[in-house]
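There's a structure below that I have some questions on.
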Amino acid sequence: MINRKFLPLYVTCSLFLALFLAGSVQFDNFFTLRVFVNLFTDNAFLIIAAVGMTFVILSGGIDLSVGSVIALTGVVVSVLLENYQWHPLAAFAVVLVGGTVFGAAMGAIIHFYKLQPFIVTLAGMFFARGLSTIISEESVPITHEFYDDVSMFGFELPGNAWLDASTIISIVVLVAAIIIANYTRFGGRVYALGGDAQSAGLMGVPIARTTISVYAFNSCLAALAGIVFSFYTFSGYSLAAVGVELDAIAAVVIGGTLLTGGYGYVVGTLFGVLIMGVVQTYISFDGTLSSWWTKIVIGVLLFCFIALQRILVAPGAKTR
Amino acid sequence: MTDQNPLLALRGVGKVFPGVIALQGVDFTLRAGEIHALLGENGAGKSTLIKVMTGVYQKDSGSIAFKGENIHPTCTGDAQALGISTVYQEVNLLPNLSVAHNVYLGREPRKFGLINWKKINRDAAELLKGYNLNIDVTKPLSHYSVAVQQLIAIARGVDMSSGVLILDEPTASLDAGEVQALFKVMREIAAKGIGIVFVTHFLDQVYAVCDRITILRNGTLVGEWLAKDLSQHDLVSNMLGKEIAHSSKTTPVQQDENEQGEALLALQQAAAKGSVEPLSVSVKAGQVLGLAGLLGSGRTELCKLVFGVDALNEGDILLNGKPVKFKHTREAVLAGMGLCPEDRKHDGIFGPMSIRENMIIALQNKRGWWKYIPLKKQKELAEHYVKALKIATSDIEKPIEQLSGGNQQKVILARWLASEPVLLLLDEPTRGIDVGAHAEIIALIRQLCEQGLGLVVASSELEELVAFSDKVLVLRDRKKVAEISGSQINQQNIMQAIAGS
Amino acid sequence: MQSLSISPHLRRFIWPVLGLIFLLAVNLIIAPEFFQLEIKDGRIYGSLIDVLNRAAPVALLAIGMTLVIATGGVDLSVGSVMAIAGAVSASLIVAGVDSMVLVVGAGLTAGVLAGLVNGFLVGYFGIQPIVATLILMVAGRGIAQLINAGQIVTFSHEGFAYLGVGYFLGLPFPVVLVVVAFLLFQLLMRRTALGLFVESVGANSGASYYIGINDKMIKLMVYAVSGLCAALAGMIAAADIGGSDANNAGLWLELDAILAVVIGGASLMGGRFSIALSIIGALIIQTLTITIILSGVPPKFNLMIKAAVIIAILLLQSPQLHRQLSRFSLSLSRSSAARG
Amino acid sequence: LTVGFSQVGSESGWRTTFSESVKAEAERRGIDLKFSDAQQKQENQIKAIRSFIAQGVDAIVVAPVVETGWKPVFMEAKRARIPIVIVDRNVDLKNDSLYVTRIAPDFTEEGKKAANWLMNATAGKCNIVELQGTVGSSAAIGRMEGFNSVIANYPEAKIVRSQTAEFTRAKGKEVMESILKAEGGGESICALWSHNDEMALGAIQAIKEAGLKPGKDIHVVSVDAVDDIFKALAAGEVSATVEMSPHMGGPAFDVIEEYLKTKKKFDKWIVMDGKVFTTENYQQEYKARFVNQ
């Protein structure tokens, strides 16, 4: 017998497979390893960002600054590399630490001043994007050989597919996150916080530490996503990754995590990202939709998924 | 057991909330190996004192010493690290985590640095068996009833205690058997030298397990006694601050069921899938039907069935002789029913809303959104019930979440009394209510019946059931096992029916 | 403890209002002409009026958003609904419909329909508000563009333009609309029990259920109201520029609306709400925007300034900060007393 | 022939006209066009190009969102031997063998043209208000640079206020409204320089509402030459606009068809030159756009 607890997960997973198969029946060249691996390559940064977002949402919070942190990371890295001739690894260390500190600061404000995450991170979003425009309004191309070397790195897979460094990083992050969420005390605390922060506090969960860590962890992953994104675009640009936070939130929620916190799984998030990715691939394979029909179709598909998920999961699961 | 070497010593502790002085100059001493009752009326400051001891609130004045050293806990984690473990008044566990995880949260056994789920599940199941709970510990906590949750919380608290164990009204919805099992555990660990603080409103329980008694009134210390030196009568008068004329127990006139008059509510082989087996029973206007049974026997579920929370799958429910089938609680409310649920934290209070709003909302909903109750009328109603139920508050506009547990319960009770119902279902209505108010509430229930209200009351407290029921329905395993009425109603008979002998 | 003389209800107004006054004071320094008001052909004219006028769309959105947030939800689709309503009205006008009732009615109907879809998904289908409304946020803009065939549809229609640029009793008409909407919903919420029910659904949906409150209906209603307000805001925006710009009308305004509600002190978890405070929130945001324009700071600093001001205003409201500050000033006065 | 076309998005009427014209051109030539809207996001554009490659199209046309960041995905296309033609905005690539050619206007040149016209009209004496496009966009940066480089030669011309209005009409109106108040009602302003027509159209309304006559009291110069601006030109409310033709589909397909046949090398930049339309010379174009339809 399947475990009811994981039902939403199974449903999400099979919906993904169903759409992938639908695409395969409709279009030539869709049912290839290449298209499948592209889903990972193209969305590696989103997977990383969404994994971090999963933790925040599980803890009952939300983080709107993710997209801006990705942009800021890219700008800082590219400026350090191009204008100051830093080595990329040193630049990465700076942005990862910087991202973590930024997240910790937001977490601290949220916790100590009892402000709502939505708004604090919204301010964080303005701040990070504002800072990146101040650092450089123009897009800065990255020309360091290290970037070329890394982008050459990868494994040839059958069917012209290519497993590149970003994909590998995103999978490593995913696996690590699953372990952290379900097999460490920190993970337990995150779920506890999302279940009922007051009770969690009374049960001895260190609320301050957990809140701050969750946001720090998320921003650190956002910075990592920013690094991966900079490999994706070979540049840093203050207007990059606008709205990625909404994509990440959508992926998390489609993956079956409750926005109110406390319920959900990191693996679900992966499927959330893949579902959104396959919808996009589907639309570009189709290639006949005008700009507005593209939006409408994305909306309708999103609706179908969520509706199906509800209908398939609903029996037995109480709404409240 | 010397006073020179107390385990926990609070001196001159004070705590102020905006507008309320919750504690003022309170001394409290807990010695190793003793069971120490902390008593007082609703709102006397018991829970606040406990929260100050364990770092949930920061004291405004005074000192706390643990094993002779001053401590300044700033969160419960600090207290736990010292070996002070607490079961707070409301069930404070996490509904989304599995039962086992709740028991071991924060101290999960690990293997190679990773949580060892197998061990957690095994140990938790083992631990709960000690409290007669054979449940699936991998299910989420929210799956189980409040009483079960309360036992889980106790099991967790006891298991974690290494110096002090604090229990704030742990027995509020437990049945007699469970209470006995708990007392056994308490005596065992006290014998190991752990000090236990025990808050309850059941005075017989105080005398059953406690060595010592501390009484609070209006946030101040009344005194400390050895249990054997304080008579029940003195205890009550110390708590209330006045002599009470005579025992608050009202023995109602229990009429034997007369067969005339139509039943207000009648169940005919009514059943809900998975929660209540087909059963028949009826209540007339002016009657009180008591529901008795052990933990998980189906009392709550019967109430839910009648109120339309759970769907009726079989049989009929007749209200005033007409079959009804509610699809939403709304229809039940409009038909003149009310259900005061047992889980006040999740299904009862509207935390940020005022006491006044919490009280009038059921009446308002019944009237419909258009017929707004004038503010003046609302205030009158609220003031009336604050007085009638002795709700300790300075202001009816205060958010209800700032009241003490017992007072919250009174507000919710008032909500339903104010809603002008014809049939009220009360699930554990006196949970956490102090002795003084307890009597008032029982008197109020009787008075309402005289005015023609039908009542169904589920309670774990047999004494209370005996005090006001005209008829008692005994449930076991979600089946009706007996119906006792009139002069047959006494604790003995009910106990026998429950036990099935 | 002695400061309890003002009622808690009024106390909530202090900090947001102080924030607004502070921002206005900043303007006094950077642009003294900010407070000049003149009457030109029966119209009041000046930057202060601009603030009110420009804040109108967000204020309208905030009215609806306040109710949605009070039930513990959120409506991300308002920006797109603005675009839809503008597009519907504009295309009707362009198609030769002249009747104001038809044009405005159709726009409002579109908004209410969109709101009902959201409300249905949230209330009856049990989808999480953020996702349910995300669907319409994405698809809605597509629908608006579909109506306009991707172009900016320009029109000229005296009556409709009045919505955006007209004056009534010397005040810009959008401001009048906000006042009317505010009074209407304030009455509806506080003179009937609706407000109480909205708060109860947000404060504890479990308890509302036991009381028999029709929470689904309440949710349906608040989203419909939000759609209605958004539609009105969308028509104002279209009337203002004499064209329906489906791509940009209301873009990101959902964030401003949510921000306005939160600056007004409401909790996103639901419960207590105050429409008046949300409108003050909207005014704060608009004052900030105009301050930035007037200050002449290079545009690349806009976002940073916005972030700093938001955090400052939020901290200003935080009781925790007040406590820290009072503790700090206490220790200061103590140490100075010790020295003196 | 299958061609993949990755478009920026549909953020303006100009952009939509551009998309529609490419589609119409493809249909006329019997090309199977795979259209993909990136919704202003580079990541979407890269994804789209990847999936074009996976589909095995014959050629790819890209209207890039930003200049940078195209190397990896263009390399992938090159490995798959799919030629790429860039339209509209520039790309920043050292290795220009990665694409066949680029068909685009010159933003800096547009800014210069606007400035030259204005300096001629005002004899180099002018207090200018600038409405910038979206901060950081290449169009805004290029136009600003070109414009400033010209007025630097005129000591009596200066930009008194500059603020972004994000390329939209509504923002254009809002920002202009405030600027007029800050500049004492606008009497001292001689010209408005707007990075696109939409903002100018919004600003015109603000100028009118402030009781001034756009085009007369305040010169209005902008870029794009969209349909609505011609109506304003006809009404004398706009002084000049620099054309930026959205019809880049035809030339792009010409290049592709020829390249696939002959593999010949093209110039790396085929500049789409734009006219300056003013209140004097707009009539012919006005007729072409409105009378024929």
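Chains here go by letter, A, B, C and D, matching the order in which they are written, and residues are numbered from 1 within each.
Heads up, the rule we're going with is that a residue touches a chain if its C-beta (ideal position, glycine included) is under 8 Å from a C-beta of that chain, and two chains touch if they have at least 3 such contacts.
What you see is a predicted model; the values in this text were computed from it and never measured.
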{"item": "Pair of chains joined by more contacts [C-beta pairs], A-D or B-C", "value": "A-D"}
{"item": "For chain B paired with chain C, centre-to-centre distance based on mean C-alpha positions, whole Å", "value": "43"}
{"item": "Centroid spacing, where centroids are CA-atom means, of chain C and chain D in whole angstrom", "value": "33"}
{"item": "Separation of chain A from chain C, taking each centre as the mean of its C-alpha atoms, in whole Å", "value": "29"}
{"item": "Contacts with 2+ other chains: residues of chain C", "value": "145, 150, 206, 209, 267, 300, 302"}
{"item": "Sites on chain D at which at least two other chains make contact", "value": "10, 16, 19, 135-136"}
{"item": "Multi-partner residues of chain B (at least 2 other chains)", "value": "none"}
{"item": "Category of the chain touch graph - line, ring, star, complete, other", "value": "other"}
{"item": "Pairwise chain contacts, counting only pairs that touch as defined", "value": "A-B, A-C, A-D, B-C, C-D"}
{"item": "Chain D residues touching chain C - in the complex, by the definition given at the top", "value": "10-13, 16-17, 19-20, 132, 135-136, 161-164, 166, 168-171, 173-175, 177-179, 181-182, 184, 198, 201-202, 205, 209, 211, 228, 231"}
{"item": "Contacting residues of chain D [partner chain A, same complex]", "value": "4, 7, 9-10, 16, 19, 23, 33-37, 39-44, 46-48, 50-52, 54-56, 66-72, 92, 94, 134-138, 141"}
{"item": "Interface residues, chain C side, partner chain B - complex", "value": "1, 4, 7-8, 191-194, 196-197, 199-200, 203-204, 206-214, 267, 271-272"}
{"item": "Of all residues in chain B, those that touch chain A in their complex", "value": "56, 75-77, 79-80, 86, 88, 92-97, 101-102, 105-106, 108, 110, 113-115, 117, 156"}
{"item": "Residue ranges of chain A touching chain D (in the complex, touch as defined)", "value": "27-29, 32, 34-35, 38, 41-42, 45, 133, 137-141, 143, 151, 229, 231-235, 237-243, 277, 280-281, 283-285, 287-292, 294-295"}
